[in-house]
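Heads up, there are several structures right after this.
Two complexes, one shared chain (chain A), two partners (chain B, chain C).
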Partner chain A sequence: MPKIYRNPDVMWREEDESRAQADEALEKGENAEDIGTSLLFSDGMMVTLNVLGTEIWKMCDGRDADEMVSELLQQFDVEADVLKNDVAGFVAELAEKGFIHYEE
Partner chain B sequence: MNITELKTPIRLYWDLPSRPADTNLDYQGICEQIISLRILSLGITEPAPALSDGCLTILDRLKKHPIAVSLTVCSSALDAATLSALHGSNVRLLLVRATKLDDLRIVTRLMASDGPKPPLGVSFEVSADNFRILPEALSCCIGNGIRHLVLPMQRLNGDEDCFHLERSGREALTSRLAAIDRPGDLKITIHDPFLWRVFFPAVSFPDGSCQAANTMLYIDGNGDVHPCPTLPYRLGNLAHTTLRTIVESAEKTELRKRLTIPPAGCTSCAELDQCRGGCRGRGHFLTESWDEADPGCR
Partner chain C sequence: MKSEQTLKAPLTINWAINNSCNFLCRHCYSRSDTAEELAGDVLCAAMKRVAAAGVLSVNFGGGEPLLRRDLLDIASCAAGCGMRVSMNSNGYLLDKEKAVALKNAGFSKVGISIDSHEALAHDRFRGVAGSHERAVNALAWLREAGIKTSISTVICTFNHEQIDSLIEFALANKVSQLNFHNFKCSGLGLANKDELDLTPLQWQEFYRKALRAKEQVKELDISLDDPIIASLGLKSGSSMVKGSVCGKLSLNIKSNGDITPCGFIPVVIGNIVHDELKEVWANSPVLEKLRHKTPTGKCASCSDYGECLGGCSARALAMTGDFNSPDPHCWIP
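Our next item is the complex of A and B:
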C-alpha cells in the first residue's frame, strides 16, 4: 500500500478557535462536519478542512491509508467501513489537487 | 463546510521602501510577528535597483519557517551571486518586474544562466500603456519556458493612475488570448476579477469575493498597513504599533464587515453572484464610496 505525503509547497494552519468549537461539538456528541478547522493554501487556492479532514491531513507524513484508518478509529466514533471510504475519497481528492503524493 | 472570514490573514504583501535608508522599521520585529501570527504566504516587493539590507534581513529571518516567500525584484538586482543567495534563502518564487516585452527576454536569459536559483517568473504590471501587449507577453512566456506569470495588484497608495479596462477592451483581449495554447504547467496569477475573466472566461475567480482585510493584508514602503495593495485605507503603521495589534483591531474588523456587504450600486446587477462587487479597493479609490460599483466592471 502506498505511503502518503503532504506536498511541501502547500502551506497550512489550524484555526484554534474553530478547532476548539469542533472539539466541543464532538464532546457533546454533536455533528462537527460543517466546522472548518484548518486551511490549506497553495498557488492562490485556499481549501478548508473539517476536523476529520485536518486529522487525515496531519497524518499524510508517510503513513498509508490503512494506518490512518486504524489511528482515526481510536479518535472518532465511526464505523470502520465508512471511515475507510471517507479516507480513500478524501485522499484521492487531495491527490487530484496536487496537495499530496504517493510513494511506494 | 467553510471558513470564509478569518481572524488572521494567511497572506501578506509587503512592499519595501524605494529609498531603504529612509526607513526606521524594525524588520526583525515585524518578522517575529509574521511568524507568531502564522501567516502562510508573504509576497515581498523590492523596488530598489539592488536587494536592500532590509530585504536580506527578512529573507534570512524567515528562511527556516513554514512561510511561502515570493520576492518581486527589478532585473537589475539579479546577478549569479544574488540568484544563488536567494536560492539559499528558500525563496519559493522569484518574480522579475516587467512592463514590456524586452523585460521578459531578460527573464529568459536569467533562467538560462548557470548556477542555483529559485524558480523564476514574471510580474507583469498591467497599465493603460501596455495592456494591449498582454497576448504577446503571454506568448513570450510560453515560448521561452516561463511558467509563472503574475499580474500584480495595482498599488493605489500614491499618485498612481488607477487602471481598468472597459468591457469592449476586455472582450477584444479575451478573443486574442483565447487563440493562444497554454501549457498545463503554466501558472497565471491574477487578482483583478475582471482581468481574470479576460484570461479565464469559463473559470470562477479563485478568490470568490474581495479578500481585503480577510485573507490578506498589505504593508507599504512606509510601514503603513492596508487591507490590500489596491485599497489605500490605513489601518496603522508598524513604526508605532505591532502587526498583531492591527490584525486584531476593531477598525480592521469593522472595515471587513463593510467589505462583505456588496456595493449598493451592484445589488440589482445580474452578474453580482459572479463578480461579488468586483475590486472594492478600486471602486472606493475611484468613487470615494463603498456603495458605488467598481468602475472596472463597465
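Our next item is the complex of A and C:
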C-alpha cells in the first residue's frame, strides 16, 4: 500500500478557535462536519477542512491509508467501513488537487 | 470534508518594504506614497509577530525591493519565521549572483513585471530602455537558481489584445505562472486612466479570451485576479472567496508599517509596529465593511452580485469614494 505525503509547497494552518468549537461540539455528541478547522493554500487555491479532514491531512506524513484509518478509529466514533471509504475518497481528492503525493 | 472557512489572520501579506524605484512606470500605484522605511530590525520584529499570528506567506513589493540593501536579511528573517517568501520585481538589478543569494535567503518565488512580449512596448511603458531584456535575463537567472518564477502583466490599452503572444512568451521563458493583473485606478494609474484603462466592454472581451486560453493552455498557470469575471460563469473552484480578497484573505503593509486592506486602497487601518495584527484583522470597521458590502446602484438588482460582490472594491472606492459602488469595469448594464 502506498505511503501518503503532503506536498511541501502547500501552506496550511489550523484555526484555533474553530478547532475548539468543533471539539466542544463533538464532546457534546453534536455534528461538527460544517466547522472549518484548518485551511490549505497553494498557488491561488484554498481548501478548508473540517476536523476529520484536518486529522487526515496531518497524517499525510508517510503513513498509508490503512494506518490512517486504524488511528482515526481511536479518535472518532464511526464505522470502520464508512471511515475507510471517507479516507480513500478524501485522499484521492487531495491527490487530484496536487496537495499530496504517493510513494511506494 | 471541506467546509466554510473562518480565518484567524490573513493568509498572506503584501509588504512594501521600500518605495524607492529605478523605474518610471506610467501606472504606478505607489509613486506618491511615503518614502519612510522601517529599519531592518524593526521590520524583522514585526515579521516575527505576523508569523506568530498565523500568516503563511509574505510577498515583498514597493517600490523595487532589490533597491533595499538589507533585502536578503529581511527575507532570511521572514523565511526563518516559517513564512513563504516571494516578491515582485522589475528584474533590472538581478544577475546570476543575486539570484543565488535570493535563493539562499529563502525566496521561493519571484514575479517579474513584463507588460509585453515586445521589448520596445515594455520599455516605453516602464520608462527605462533595455528593461525588457534585463527582465527576461532575470527570469533565466532565477530559474537556474531554483526559484519559481512568474510574469506579472498589467493589462491596459496597449497589450489587451496580445493574450496569445504573452502566453507564448511566458511558455518560452518557462515560467510557472502568468498573472494578468487588472488595471487599478490608483496613484498614476488614476492620473493616466483615460489613456491606459479599457472600457467595460473591452474588459469583457479580454476576460472571455483569457478564460478560454486558461482552459486550453495546460502547461502554464494563467492567473486572473479580478472578481468581476464571476459574471462570465467562472464560479466555484476558480476563486478562493467571492468578491475581492482584500481584507478576507490578505492585507497590505506600506513601507512605514501602515496597514491597508490592499495596496490599491489608501485607507490606513493600523500600523504593524504599533498595533496587534490579529486585533486589526478581527476588529477593523473598514475590513468589516469590505467583508459585508451592500449592493448599490445597478448591483442592487444584478443576479450576479452574489458571486462577484460588486467586483473590485479598490476601483469602486477610487472612482466613486464608496466601496459599495459597482466596479467601474463591470460591463453588465
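Everything that follows uses one rule, which is that the second predicted complex is superposed on the first by the 104 of 104 C-alpha atoms of A that agree within 3 Å, B and C clash if a C-alpha of one lies under 4 Å from a C-alpha of the other, contacts with A are read in each partner's own complex, and residues count from 1 in each chain.
Please note the rule applied: contacts are C-beta pairs under 8 Å (C-beta built on N, C-alpha and C of every residue); 3 or more make two chains touch, one makes a residue touch a chain.
Note that the structure is a prediction, hence the values are computed from the model and not measured.
Partners chain B and chain C, brought together by superposition on chain A, clash. Looking at the shared chain after the overlay, A:I35 reaches both chain B and chain C. Considering which of chain B and chain C touches more of chain A, the answer is C.
By the touch criterion stated above, A:I56 is placed in contact with chain C alone, chain B being left untouched. Once the two complexes are laid over each other on the shared chain, residue contacts for A:F90 go to chain C alone; chain B is not touched.
Once chain A of one complex is fitted onto chain A of the other, the partner contacts of A:V82 are absent, as it touches neither chain B nor chain C. Looking at the shared chain after the overlay, A:M46 reaches both chain B and chain C. In the superposition on chain A, contact is made by A:S18 with both chain B and chain C. Contacts of chain A with chain B, set against its contacts with chain C after fitting on chain A, overlap at residues 11-13, 15, 17-18, 33-36, 39, 41, 43-46, 48, 50.
Put simply, chain A touches chain B in their complex at residues 9, 11-13, 15, 17-18, 33-36, 39, 41, 43-46, 48, 50. Residues 11-13, 15-18, 33-36, 39, 41, 43-50, 52-53, 56, 86, 90 of chain A touch chain C in their complex.
Residues 1-3, 6-7, 10-11, 38, 40-41, 66-68, 92, 187, 189, 206-207, 215 of chain B touch chain A in their complex.
The part of chain C that touches chain A in the complex is made up of residues 1-8, 11-12, 54, 56-57, 84, 177, 221, 223, 240-241, 249.
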